[in-house]
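I've put the structures underneath this note.
Below, chain A partners chain B and then partners chain C, in two separate complexes.
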Partner chain A sequence: MMALLHKEFLLAWRGRARVAASLTFAAATLLMFSFSAGADGRLLQRLAPGFLWLAILLASTLTLQASFDAETQDGALDGLILSASAASIFYAKALTNWLFLAALGFVLLPLIAALFDAQLGALDRLMSVLLLGTAGLAAPGTLYAALAGRSRAAGLMLPLLYFPLVIPALVSSVKASELAFFGDPMNQWGGWMSLLLAFCLIFWSLCGALSTAILEDG
Partner chain B sequence: MTRQRVAAAFALVGLGLLSWGSYLGLWVAPPDRYMGDVQRIMYVHVPTAWLALVVFTLAFVYALLFLIRRTWRWDALHEATLEIGVLYTALLCIQGALWGKPTWGVYWAWDPRLTTVAVMLLSFAGILSLRHFLDDPLRRASWSATATILASANVPVVYYSVRWWNSLHQLQSTPKTVNSAMVEPLRINAFGLLALTIALIMIRSWIAEARRRRDLAPPLPEIEA
Partner chain C sequence: MNLQPIIRADGLCRRQGLRWVLVHLNFELQTGESLLLAGGNGAGKSTLLRLLSTLTPPSQGELELFGTSVKVNRRPQRNRIGLLGHTNQLYPELTPSDHLQLWSRLAGMELPKGLLDRVELADRAHDPARTFSAGMCKRLALARLMLLNPDLILLDEPFGQLDAQGVSLMQEAVESWRAQGKTVVLATHLIERGKPLCDRALLLAHGRLKWTGPAAELSASMVAGADS
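This part shows the complex of A and B:
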């Protein structure tokens, strides 16, 4: 497991250019969202938490897909599966993707604050939403990337399967971020975070259990 | 020929019950006090909703059985239930929109049950197209079974998160709160659709079986001209 993690981090480090590209992609989507919503400053400010999560979600389809590129070439996965269990390969990749997406979210925060004039109210709360929310995206996203990468029309398959699945994670992340941005008079933040935590627990365990069927068959 | 006869019998019984129930629903049952004749769409809408849930539950069970037992029969049934479930949820959304416009004033509302059905439709339609994009039968069977299990596990989570997010749909009525002239066509239609669904699942799974045989069969030798 540690060797696998080391391999993933090494891969991520060698693909630094990709990191810069996905960050640029996320920033570009933020600009597009603001152009689609119009120049109303108050409206943009109110939509900022949703835009943050949409930018992370859209950028994640690219990075998740990229995480299996090295494996699908030359049948490298077949060799890997001989020396490590499917679950450990899955968890190493999911963990790397999680860290990457969380980092992407942290970098986007100041950008959001500047672009939409959003006060980063409770920063500790925002940080924990970002950590938990990106964890919710990473587990099902990694499993579906493993599957989509080896099917025809890979770029189409991943969002088609992954978007409907992460709707609960997206809803609760956006709600919790809104409460962190604009204050939480009704004290609902903890509730949304528990929902997000439940989603993460369900899908981190379920995807790990099902990874054998995806990585070993065919 | 016997299994074809069984399927045909189920289909005939189903169609017969559906026409009888719809006749009762359209002409015999009284109109609703508040909604008027619009309410009559419930005689197909409610059975469609029930059967869509039954069919997706079956899809989950067949997916699980395939992953445990590794028999092609479960894969064929899984494919059949996926496709019929997607068809039913699509019909359900259309019927709901037709009813919602005159009653709620809008075709669509972000109600938990509506939204959950829409998410189910999207998830399972995605799995259907995944099956189309995988050529290897083993990959197709085992990967789509995995996706079905994930999508099914997600249904209650989606329901609770959307319910918390927003709400408007009617509370369920029970036979006790509804006039018996309204309950009868509903029951008849539900059993009719159940019989028709059984026939459809049987026939669709034979088609899936036959397609897989064709995919796995060795190519025919070329005939020299």
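This part shows the complex of A and C:
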């Protein structure tokens, strides 16, 4: 597992132009959203949490797809499957994708504050939501990227499969972020976080179990 | 020589979509034997190698590797199989040095010194694989097999893309594996290159077994005739 993680970080570092592309894409998306919402300051603030998660979701498709491009370009996945279990290959990729998406979320926070005039409120809560919410995107996203990578229309397949599945994680993340941004007078933040945690636990376990069928039986 | 069959195929079939690409193959290969897989384009050589590597499951029939069915648990079998397929199984962004470290760490073994020297890539040890020619990539893929030294070695068109030096490197590697008692399955349409390296041959045409016998008795006319 450590060898696989090391390989994933090495691939991310050597392919850092792709990392920069995801970041630029997310920043450009936020910029477009802020312009499309108009000049109403209050409306911009209300929309900030939703737009933050939409930007992360859209940029995640680039990251997730790229994570399996390296495996399929020269058949590296075949060699990997002969040497390591499918579950360890999946978890190494999912962990790397999670860390990248969480880092992307942290980098976007100052941009959100600037473009949407949003007060970052309870920063510790916001970071917790980003960590858990991106974990909720990373596991099913990585599994579907593996599945889509076996298809010729990978770029088309991934959003089709991935977006509907992560709706519960996305809704919980947006709601928990809103409460972190604007305050939580009714103490609802814990409930949304519990929902998000349950989603993560279920999907990290389920996707790990399904990875064998998807990666090995090609 | 140990006469335990390392490969036993019984009614082995593989379907891709609606087409049967391998039809009812029956053969055995003993430990330490080397097999030449011959046949024209589309004969089913590469598909058979993928089945033998356990990367593709059979659609019908039974395939046993190392005395165990591939339907049971493929992990212990996979640790003993090395495949050099149509692709080189490399990461374009990683260097030969990175690749060797990854493969040795995955196999839980020490990285032997001088491996890149043996495949004549020592001077490019820190260049990314994307800057390599096809022949250099194949030599790096060969280094993987030399490092892992598996019991069953599957080679799909191993001489393709290699220059004369690369071809002799590949031939030396196969001879060395045979001398160590490893089992080698070599698929090639260059049968004159493959024959001296193999004990037996298996001729495929349209996914069916057309002929099997000593590799020395296989001729180009038999391969051409099988296709027609």
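In this section, the second predicted complex is superposed on the first by the 218 of 218 C-alpha atoms of A that agree within 3 Å, B and C clash if a C-alpha of one lies under 4 Å from a C-alpha of the other, contacts with A are read in each partner's own complex, and residues count from 1 in each chain.
Methods note: a contact is a pair of C-beta atoms (placed from the backbone, for glycine too) under 8 Å apart; a residue touches a chain by one contact, two chains touch by 3 or more.
Since the structure is predicted, the reported quantities are computational estimates derived from the model, not experimental observations.
Engineer: For A:L95, is the partner it touches chain B (first), chain C (second), both, or none of the two (neither)?
Structural biologist: A:L95 sits against neither chain B nor chain C.
Engineer: After lining up the shared chain so the two structures overlap, which partner does A:G15 touch, if you call chain B first and chain C second: first, second, both or neither?
Structural biologist: A:G15 sits against chain C, while chain B stays out of touch.
Engineer: Pick one for A:Q73: touches chain B only (first), chain C only (second), both, or neither.
Structural biologist: Once the two structures are laid over each other on A, A:Q73 reaches chain C alone.
Engineer: Which partner, chain B or chain C, touches the larger number of chain A residues?
Structural biologist: So, of the two partners, B touches more residues of chain A.
Engineer: Please work out whether A:L206 is in contact with chain B alone, chain C alone, both, or neither, and reply first, second, both or neither.
Structural biologist: After superposition on chain A, A:L206 lies in contact with chain B alone.
Engineer: Contacts for A:I112 in the overlay, against chain B (first) and chain C (second): which applies, first, second, both or neither?
Structural biologist: neither
Engineer: Check whether A:A3 is in contact with chain B, with chain C, with both or with neither, and answer first, second, both or neither.
Structural biologist: second
Engineer: Tell me which partner A:A198 touches in the superposition: chain B (first), chain C (second), both or neither.
Structural biologist: The answer is first: A:A198 touches chain B but not chain C.
Engineer: By the touch definition above, which chain A residues appear in both interfaces, chain B in one complex and chain C in the other?
Structural biologist: Overlap of chain B and chain C footprints on chain A: residues 217-218.
Engineer: Give every residue of chain C touching chain A within the complex, in rising order.
Structural biologist: 53-57, 74-75, 78-79, 81-83, 85-94, 98, 102-103, 105-107, 128-129, 137, 144, 148
Engineer: Where on chain A is chain C touching in the complex?
Structural biologist: So the residues of chain A in touch with chain C come to 2-4, 6-7, 10-11, 14-15, 70, 73-76, 78-85, 216-218.
Engineer: Considering only the defined contacts, which chain A positions touch chain B in the complex?
Structural biologist: Chain A residues touching chain B: 140, 143-144, 147, 150-153, 156-157, 160-161, 163-165, 167-168, 171-172, 175, 191, 195, 198-199, 202-203, 206-207, 210, 213-214, 217-218.
Engineer: Which stretch or stretches of chain B touch chain A in the complex?
Structural biologist: Against chain A, the touching part of chain B is residues 67, 119, 122-123, 126-127, 129-130, 133-136, 138-139, 142-143, 145-147, 149-151, 153-154, 157-158, 160-162, 164-165.
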